[in-house]
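Common to both upcoming complexes is chain A, partnered first by chain B, then by chain C.
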Partner chain A sequence: MKVLTLNFLTCAVKACKTTSASFPLVPKECELVSDTIAPNPTLLTNLLPRVDWPALGSIAVALGFPSLSPLPPTPADLENDTKMMADLHTLLLETQISEGSLVCANCGHEYKVKEGIANFLLPNHLV
Partner chain B sequence: MLPTPSTSHVSFDRVYEPAEDSYLLLDTLSSESEKEFLQDRFTHSKPPTSTPPKNSPSPLIIEVGSGSGVVLSFIHAHALTIFGRSDILTAGIDVNPHACQATIQTIRCAEKEQEVSKTSHGFYLGNVAADLTGALRCGEVDVLIFNPPYVPTPNLPSLVGDPKLSAFDADSHLLELSYAGGEDGMEVTNRLIESLPGILSRDRGCAYVLLCAQNKPEVAKEGIRKWGSRWMAETVGSSGKNAGWEKLQIVRIWRESPPISTT
Partner chain C sequence: MMEYMIRFTQVHETFRVPEIKALAVLRGIDMEILSYSPSSPFCVVKLPSAEAAAQLVKRSILVKAAYELWGSGSSYEDLHDNVRGHSEHLWPLYKKNTFRFSVDSFQGTRSTTEQKKLIEGFRFLGFEGPIRMKGAEQEFCLLEEWQFNCAKLGVYEPQSVHLGRFICGSDRDSINKYDLKKRKYICTTSMDAELALITANITLADTGKLFYDPFVGSGSFPVACAHFGALAFGSDIDGRSIRGKGKSKPNLLSNFVQYGITDQFGDSFVADLTNTPLRKARLFDGIVCDPPYGVREGLKVLGSRDPTKGKEPIIRDGIAHHQMDSYVPPKKPYSFLAMLDDILEFASVSLVDNGRLSFWMPTSNDEDQEIKVPEHPCLEIVSICTQDFNRWSRKLITYRRIPDSKVVHTVREERVKENGVSADDLNPFRKGYFKGFKAAFR
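Showing the complex of A and B:
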């Protein structure tokens, strides 16, 4: 699964849904793989408005990437800063989590990722 | 007719094999009227152009119960034709981990085909194993697609198979999950429909859900319209018409945009 997927996931435990701590899930001991993807500035520009920037910053650090700027780049920033464009391209479009777990900061539940597929099926006592 | 992605690599012993219901979804989503609806909602310029309007965020398309991946990979590969833009984000969810693997592979094959013919495709995020929309963040999904387990059955299978099952019984359990819908065949679909107001994006969210005649589709649509005056539910595709009964139909569920303020 691409790192960007984490922007759209939360803990599956009902009681966690209403707490802000259940997003983002924190990657733990993750193995990463990298796809090679042709530069796609249109995609990058149009997906950035829907990225929760502070959450992405904490995910990047947890995965061992350099920390992000405090504020998200504007489309103009992105166009003028080829390094930032390349870094975001790598983090958001090329990097996949293949193994590891995603942890809810509210309830502590760990969702395993195996062969790139995160498993959100809960044991019966948590449903 | 847009080409249907290949699923010949999928083991149909434990993953739902594409059938009439899957193809009805493909036909409906690529019909002239749905292309118009989707392009109107997600692209304001007239299609097909590869440059989406500035500042219109990439739409997120989620298929729940992606199975072999035939529907998701079709939309993914034909994003430009269907949405008028190829910068869409796609992802699949299935309770069956083998189905998740199958979808990943089907998407990969479809992307290769597109690349060979030098045509575009969307951006695939991945598949997660989950119960319906339970792992999704609120208000993010722009288009949700669901071909549910819709056959009326006396019981519903449990979501997770007993680890003590033999390989054969484990596969049968997974196939049962793909069709068994409980009372009126609606127990799973009703849970999904109830989650829509929470998970669809406020301004652009819409859903396509397949229903069969035994599901009492008119009752389901009436129920959605009662959510509030902006909520709509209409049949936008059907197959197997016989004496006025559609055997299968696709219901589009969406919120009309509020009137544009002129001040």
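Showing the complex of A and C:
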């Protein structure tokens, strides 16, 4: 699962979704792999406004990446900074969680990731 | 503005105008349809330039080609006059080019001798360049429309004829590339390549956009959206469809590998749309899906059939049951109509402004069994296309997310909660479908 996707996901439990503690899900004992994907500046520019930047910062640190700037880059910043573009491309699109779990800090439920695929099906008592 | 001839294929007729209109929106092209008929493959449009015509049809699935229209008539005599009056200023531009002529007779046939004679009739255009059957710089086409069944009716002349200069072909060849018969991973409900590609066009899939299918199955829609450059995501309540089955475990991702479009693979995960883990935010440019409409298609949601059951986690030998690898969460039947409402609500929350939702919906051809097209105050219906079968049909319904500032809030009718237990109780269409089906094949 990509770091981008992790940034889009929260706890599937309805009561958790409205709490701030449920996002981002906290990676636990995660193995990372990296794919090589062709750079796509249009995509990166389009998706940045949809990324929750503070959450991305905390996920980056939790996964062992250097910390991000406090504010997200503007499209102009991105265009002029090829290094930042490349770093974000690597973090958001190339980096994958292959094994591990994602924990909701509100209810404590753990979502397993196996072979890169996260499972968000809830046990009966959480539906 | 100049007139162009769009040469459609004569299949999936009700999808043709929505597809071409979507492509005009996608490329920001000002297009006016001057003549169109469901029974004809010839459609005349007004466009700003030949370049715009090429941009418009290049990735269409239901178009064969676009031509610059040099003239039209109800007979060849008519056409000759029309071409003289209409396009004489264009002739010198191609005087020295290599060229060729072809004849495209819809619902009619012409022998090679006849074709030759018809083409000879256009000598007055004054082209001097050598003829090349392959790789000619300019290709001209005589487009003929014959009455249906003309041979039997003893009709020996077409109803109308046109002369066009070829501008650009379409993306129809991709149907073959993505043919399900040659695909590594499919399931019983995989959407055929042609319809999946058309759906991706109507939903405006494109480079730099994010697309999502919440009922992804074998991934026909993400594959089609990725073909057009979108980053495609998908999820499904059925873990096996995402992870893959069997030893070699072909899955969603295998299809992206097969077609060399892994850069366009967003992600896949296991989830129930009615308990989605996606956060409430404008994440996607497009949502495309074929929701399950019955048990066979796996219409289920999380939860136990017995509402009194399982409110506490089950612990055995100190281990929580639900944390074991072998644990399968219980699922229960759900109403198709309620699911449609859930899809619309999810789309209104998750689409960017002007982003599109397209989904497929079956409906019986009996009026009293017909399912109403669902509505949502934040979603405007863009198009409804119908694929007809004998006793039933399915519709592709497409919506546009209206920007919040333009939404007119009306009081929404709350759906009466269905209390049925079996999928048949919950889904009115299903009963009709199977009754009709049986009757049709008796």
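Throughout what follows, the second predicted complex is superposed on the first by the 127 of 127 C-alpha atoms of A that agree within 3 Å, B and C clash if a C-alpha of one lies under 4 Å from a C-alpha of the other, contacts with A are read in each partner's own complex, and residues count from 1 in each chain.
In this text, a contact is a pair of C-beta atoms (placed from the backbone, for glycine too) under 8 Å apart; a residue touches a chain by one contact, two chains touch by 3 or more.
This is a predicted model, so every value here is computed, not measured.
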Room on chain A for both chain B and chain C (clash or fit): clash
Partner chain(s) touched by A:125 [first = chain B, second = chain C, both, neither]: second
Chain A residues touched by each partner, larger count belonging to chain B or chain C: C
First (chain B), second (chain C), both or neither touched by A:5: both
Partner chain(s) touched by A:42 [first = chain B, second = chain C, both, neither]: both
Chain B versus chain C as contact partner of A:115, first or second or both or neither: both
Touched partner set for A:71, first chain B, second chain C, both or neither: neither
Partner chain in contact with A:50 - chain B first, chain C second, else both or neither: both
Against chain B, colliding segment of chain C, chosen among 109-117, 235-243 or 307-315: 235-243
Chain C-contacting residues of chain A that also contact chain B: 1-2, 4-5, 8-12, 17, 23, 40, 42-43, 46-47, 50, 115, 117-122
Residues on chain B engaged by chain A in the complex (per definition of touch): 51-52, 54-58, 60, 87, 89, 91, 95, 97, 100-101, 104, 123-131, 134-138, 140, 159-160
Touching residues (chain side chain A, partner chain B) in the complex: 1-2, 4-5, 7-12, 17, 23, 40, 42-43, 46-47, 49-50, 75, 93, 96, 115-122
Touching residues (chain side chain A, partner chain C) in the complex: 1-2, 4-5, 8-14, 17, 23, 35, 37-38, 40, 42-43, 45-47, 50, 52, 110-111, 114-115, 117-125, 127
Complex contacts: residues of chain C adjacent to chain A: 207-210, 231, 233, 235, 237, 239, 242-243, 262-263, 266-272, 275-283, 285, 302-304, 309-313, 321-323, 327, 329-330, 352
